[in-house]
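Beneath this line is the structure, given in structure tokens, with notes to follow.
In this document, chain identifiers A, B, C, D and E correspond to the written order of the chains, with residue numbering beginning at 1 in each.
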Amino acid sequence: MRIVKVLSIILITFVLIAGIAIPLAPAPQGLFEFPIIPGLEDKARNIFYHVPIAWTTVLAFLVSMWYGYRYLRTRSIDDDLKSVSSAGLGFMLCILATVTGSLWAKFNWGSFWNWDPRETSIFVLLLIYGAYFALRSALASDEARARLSAVYAIIAGLTVPFFIFVLPRMVAGLHPGAKGDVDGSGPVLEFKMAPNMRVVFFSSLIGFTLFYIWLLTLRIRAARLEHHVADQHS
Amino acid sequence: MSTIARTWALVVKDARSELRTRYAMNALVMFVITSVATILFAMREDQASPELLAGMYWVVVFFSSMSGLSRIFVSEEEKGTALALQLIASPKVVYVGKLLFNCGLTLLLTLAVTVLYLIVFPGFVVASFDIFAVTWLLGSLGLASAATIIAAIIARANTRGTLYPVLSFPVLIPLLMTVMRSTIRALAGESFENAFGEFQVLFSYLLVMTGGSYLLFEHVWKD
Amino acid sequence: MSTIARTWALVVKDARSELRTRYAMNALVMFVITSVATILFAMREDQASPELLAGMYWVVVFFSSMSGLSRIFVSEEEKGTALALQLIASPKVVYVGKLLFNCGLTLLLTLAVTVLYLIVFPGFVVASFDIFAVTWLLGSLGLASAATIIAAIIARANTRGTLYPVLSFPVLIPLLMTVMRSTIRALAGESFENAFGEFQVLFSYLLVMTGGSYLLFEHVWKD
Amino acid sequence: MNGIRLQVTDLRRDFNRRPVFQGISFALDAPGSLAVTGLNGAGKSTLIKVLAGAIGPTTGTVAYQRAGVPIEIDALRHELGFVSPYLNLYDEFSAEENLRLLSRIRSGNEPASVTIERRMKQVNLWNRRHDDVGTFSSGMKQRLKYAFALLHEPTVLMLDEPTSNLDAEGIAVVEAIVAEQKERGILIVATNDESEAAWCTARVHLSGSGGNKR
Amino acid sequence: MNGIRLQVTDLRRDFNRRPVFQGISFALDAPGSLAVTGLNGAGKSTLIKVLAGAIGPTTGTVAYQRAGVPIEIDALRHELGFVSPYLNLYDEFSAEENLRLLSRIRSGNEPASVTIERRMKQVNLWNRRHDDVGTFSSGMKQRLKYAFALLHEPTVLMLDEPTSNLDAEGIAVVEAIVAEQKERGILIVATNDESEAAWCTARVHLSGSGGNKR
């Protein structure tokens, strides 16, 4: 766990510094200059934050769903603790991804919100999380809360593929890889990134993932302690 | 065979209970009338675009469904009859029975909204009847399927009335988006093939939602 | 004095029951977000007219209040706590307490919807703040007042479902119409005097509805 | 003085135009006790609810008076305690919250903490006072209803099926409560159980058409 | 043959992460009877619901078998009758409709009319069979539950608070039912009342932390 903690801090620090400090150049020379991407310019730097955070959000949601499923099989309340801890982190990351994306969109596409398919899906994810927590707080007993919220997370998770695979193909969007994208540039790997950008990008991806894992273990431990304490008081 | 008979018996029970109390029907009728009247009033001067009409059509259906479709489990819970049902019927029978009932109710609901729309909005002209019919069918069934499992979940919760739309909206968005697009096609009079993509989405939504609910229902239903 | 204290105690009880571990709030907030999102969603491409926005504003309020406000009596009936309340409190105390609670809830609700509308719809610009404020106040109180007595009636009636639409729809329509008209005036930036007609209607609606309910409540409340 | 008097004259209550009972007249002075008996469906619960003012009679009157002065229905609420399986408290509040909130609604202020403590200890729920009533077992709910009914030291106590859901220890608590109430004010018990009916000195037997025999 | 056997192993059920009971193990062969006793809140109702399969155990198993062959939960429904105050039938249907509709949901077809008539006469509701259950008194509802539970001649009968709400005649009916069931199959009674517990030959006493004492 220590390694995760240290590594995530190192990586994110590196990304923060490199992503902001490395200058842009029309014809990049060597490792310490990024190419200028037409239409994005300086704003391209957000890719190091926005995209990894969005990925981690999805990861957190999947993990939450997985532990929900595990709870239904094992009925061990510990799995529910893991599930809800991951959901809480995911919710925070989701807000972060929306904010970074939204700011980006304001300066790139001219308005905070455009109902691009990706925006729609992250908005839905936000709603799902909101609904998930509203449901949890409306259930009185711990067992019912764990059971029903796990089912809801899975049911809601069933719709997520529609957003990832179907929706972008049906609706024209602004994100790269969307239907009608002239360059036809697909997923982020081909996203006009120079090799050195990829290094930063993947560092960021790994960094945020480790960061998530670190926080998750922390939260789970905290939740366990909290319930332990609650048990002793009653 | 016997399973079918038992499931059907549950549908009959719910239908008869509904005919007796008319709870869901009345709530549905009120929501439909109120929302259509309000829209009508709000748009008096405008001539609404087909996009808007298609959107509003499904919004009305969505909001009406929250008062009617969620009753199916909530009422068992409120009347304290859920235990009796748990003792006499397997979760699968309960799920399928309730789903069938909700399907019937939703088909009726959308039919009523359609008739009302045709009467009330001159701009609402179904040019491609075939697209509209398939959309109506798949859309209603998909809605009923999602509504059934959500209703089962919220039946156990404290603030049911408000929770139903909150939980179901995110789950229904892919359905609503698709169904709106395909309704627009129907209003625009496009040819049947054009809407194939939408139909595929609707169909797979229906399958995924029903299959998932069928497998998970037991966990919702049994404490 | 004691009557005030007792009425207030009832409001406190209801408020605490609603706020208990903040789930009611969560659900209501999510509900408002959901309904606004649904509308946003249906109107994505269009730039909505002020008429439509005003209409939708009150439809959202109407729907949320229907699921929220009617709970106040129905929940007592469902939980079987109405008898306890009948034994400890006079009908007047119950009516006024429930009315106050509903008024508070509606004011909060409309406030939340207003804020959300201002953020989300660029076309929703309150040009005449004074008209809007008065409409907001009188409209919310009128809605709360009507919803309270309707809720009491449907909670007691054996055939809950049958009375629901019959009662609420005709009762609320004049209010909704007036309130929409006056919201349109507020959006159009008309001068305060122009809306006097609407205010008179709203004010007398509020008076008649509350006075009538106050006098009739006892018969509704006691078997 | 305590001398409350209950006077019932020619009482009748219909459901769906069929009388559940009719022609019931009696008077009861404190201290005194009355058992309401009859078969299942005879109308015991209906009668006791009419006496408590929770539902109105179809014809006839229920009058409470003290030294000849009638007691208003609003004043009566402060004198009345009621326990029955169909009376529910609030599931979403803890046991203690229920007592506090309901007392405030009844009288505008909370009872003294010692009173609450005494009553909750009497029914053996003191250790569970912070738990939501929704998580209580049927017998624990029934116990809490006794605490609630006695909190304001009512002069008139009405019990419908007084010992249902209770274990032996709970029944002993009820018997003590009954004994005290009989000395102090008016006690009315609606019951199916002859031994419970025997607690009381007077009796109204609802023979009517006997509900399920109709 | 009838030889149904109930085998319970190391049963435990939690609510809010606190065990209501734990380490419950026993076996019960038909014909046989078991009383579940304990204070209010000890977990009798919880245990009986777990045994009936209406709620799941947190850990441990409940197994029914006949001649060593396990009975599936779906088949068990046809063998099980359950009566308790918290089991409700449908208020909006008449007594007879309730029996017919619920039987159809259970087995796909309606019981013979003579069976329905016999059961309804047994519990003395035959004359009220066309009335909505919503208008029934508490004792009449309880009687109807017996008719419902016995309609399919269950081999396993579970009673929670068997005589609550019933008058003397109703209790006699229940005693006859109990006597017959003990000879015919398995009878499980959860009760607060020592005399009811004495109906049974075996007993599980839930002492636990005793609900209200915790």
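Quick note on the criterion: a contact is a pair of C-beta atoms (placed from the backbone, for glycine too) under 8 Å apart; a residue touches a chain by one contact, two chains touch by 3 or more.
Since the structure is predicted, the reported quantities are computational estimates derived from the model, not experimental observations.
Looking at subunit C and subunit E, the chains that touch each of them are A, B, D. Steps from subunit B to subunit D, taking the shortest chain of touch contacts, total 2. Separating the CA-averaged centres of subunit A and subunit D is a span of 59 Å.
Averaged C-alpha coordinates give centres for subunit A and subunit C that are 39 Å from one another. Mean C-alpha position of subunit B lies 37 Å from that of subunit E.
Between the CA-based centres of subunit B and subunit C the separation comes to 26 Å, rounded to the whole angstrom.
Shared contact sites, meaning residues of subunit A that touch two or more other chains, fall at 127, 130-131, 134, 138, 140-141, 143.
Under the contact definition stated at the top, the residues of subunit C that touch 2 or more other chains are 23, 27, 30, 34, 37, 44.
Shared interface positions of subunit D, defined as residues touching 2 or more other chains, are 86, 92, 135. Applying the touch criterion to all chain pairs gives A-B, A-C, A-D, A-E, B-C, B-E, C-D, D-E.
For subunit D in complex with subunit C, the touching residues are 49, 52-56, 73-74, 77, 80, 82, 86-93, 97, 101-102, 104-109, 148.
The touching residues of subunit D, counted against subunit A in their complex, run 92, 132, 134-135. Those residues of subunit B lying in contact with subunit E across their complex are 1-6, 9-10, 12-13, 16-17, 20-21, 79-81, 83-90, 93, 97, 222-223. Across the complex, subunit D meets subunit E through its residues 15-16, 38-43, 45, 85-86, 124-125, 127-128, 135-140, 142-143, 161, 164-170, 192-194, 211-214.
The part of subunit C that touches subunit A in the complex is made up of residues 21-23, 26-27, 30, 33-34, 37, 44.
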